[in-house]
């Protein structure tokens, strides 16, 4: 069966966005890319720093509220509906809840054919890239590096610690059926 | 019946994005905002300047290809699915095809309750704001100002020529049931 | 004597940036544009939210530290040196200290020929545009609207409350010798 | 004598910006960062795609016009004046003219104490990172990778092919006196 969605999970500054752009470049068909960042951008500004929405503490800790979860569930169903309607869709997400985050996607996916990809990056390297980006709260990379993979089951994993985004993307593309 | 979607149509630099952010601020419930810009951002980079995707000429003319239309149809279905799943959704779009663009949305919407909003702005004023933005190809505002409203039927229209975004947003919010 | 610099002062969300881009478009010679935003972008990330640098409170209040002032003085001298070396330079600034901010520029300017421009915008209108922008802390526009003009002497003032950026820019351009 | 400026030269997508942000983070004093990108942003929009300004061809080739060169000379003098006035300044530049680009800086610098840094990156790796960034014309990285270093004399060189930005930054910081 043809892969309709690729869901990529990894901590902040692990290199997901770069891999997604490379995937869009190397895959012959046009794939749409969405992710937790574009979802947060779609929320009202007041939810982007609130108890009900998403809050990023000075140490990089991330809190998610009830309104965020409710909108996220609807957003997930919509993204899956795009794939059912014929689009190929790449998602990059940060599974703050590990296995329970994956289950939220699985509930929306039902029987749709998905390729699950884990993006690893050594915590200290990711923390260094966070400094190099300059647009993230320091500490997110280190605090998320391991916890987001907790109990998650993948079809394949890539590691950006010593491997370029484009090379990781080619490895993933080879698994797309 | 409660309004599940607000679809806002207007030419480039007519002030849609500002109205959307104000709507998100004044509406008491959290609304998600998507639009043609976020859709184009989701496409592969190579489609953002190609015959198959979207192409913006030096004079600001916009051409849309077959791949763009196919992905757009799936994207529309997905966005509508988000609203059916319980999210409130605001869309800002540029109906380059006028009435035929509206029909594409209506096909995806089926019986969902939508508020259709037209955003007008005098062509010369929109062209001036295009200069002030500095990030758009000159000429888009003028070439789109009228054609995008051709044959489109609205629940209400606002005009940003002499009215601030926040005031327009309050007028729209008053029509949300 | 030919105008070498245009210094534009106004509160947050009063419309300075739009006027600057329009000025660059309508002035026949090429003018370089710098401002307090590009200066803050040039600082280390850690100074962009600290006692020693610049700090923006939850209510939009802005605090400036000693390191910021020292770097700013050197930056002002450098920008003036660009103008002395033959570049035409537009600056947009927020005179949080009113007349004392203007004096800091005058110290760096010595006898260079400058056009001083004040940008006014009614506080409630600026606050509404702050909501429409969506990328500023709410409250900055209102808190800065009047105080930045306190004791400042201008060659001309424009008011964006009811006048488009491009029209304001043409008024300013007519005063450039 | 204390280092007043660090001038970093490398091709597009060689990793200069990441190194600059890491340098700002690891150096104990506050350093201001400017570069060819912030200079181009300061130019009128019409010069950002013109014969007189800067033009980027579909293959990533970059052409520089006479107006660009004139403004650049004044900008260089101003940046050096900032350093003379007491600021510490990091510049990232792309020496399209190799040694002749370095001479333009030397003319402005006179006797100011500068640390010259070359940033190398294998052409194919830089080209891959260009794909991962997604915001650059494909081909710039490969076409600039070697030519920008032609005849340029450095105090030290770093290579981002297999070394993280933060590690490169620490190597550079150790040479700052």
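Letters A, B, C and D mark the chains as written, and numbering starts fresh at 1 in each.
We adopt the following convention: a residue touches a chain if its C-beta (ideal position, glycine included) is under 8 Å from a C-beta of that chain, and two chains touch if they have at least 3 such contacts.
All figures in this text were calculated on a predicted structure; none of them were measured in a lab.
Over half of the residue-numbered contact pairs of B-C are shared by just one pair in A-D, C-D or A-B, which is A-D. Greatest centre-to-centre distance from subunit D is found for B, with centres as Cα means.
Between subunit A and subunit B the centroid-to-centroid distance comes to 27 Å (mean Cα coordinates, whole Å). Averaging C-alpha coordinates per chain places the centre of subunit A 32 Å away from that of subunit D.
Centre-to-centre separation between subunit A and subunit C, using Cα means, comes to 39 Å. Residues of subunit C found to touch two or more other chains are 21, 25, 45, 134. Of all residues in subunit D, those touching subunit A in their complex are 17-19, 21-22, 25, 125, 128-129, 131-134, 162, 164-167.
Interface residues of subunit C facing subunit D in the complex, by the touch rule stated above, are 21, 24-25, 30-34, 38, 41-47, 52-53, 67, 70-71, 73-75, 77-87.
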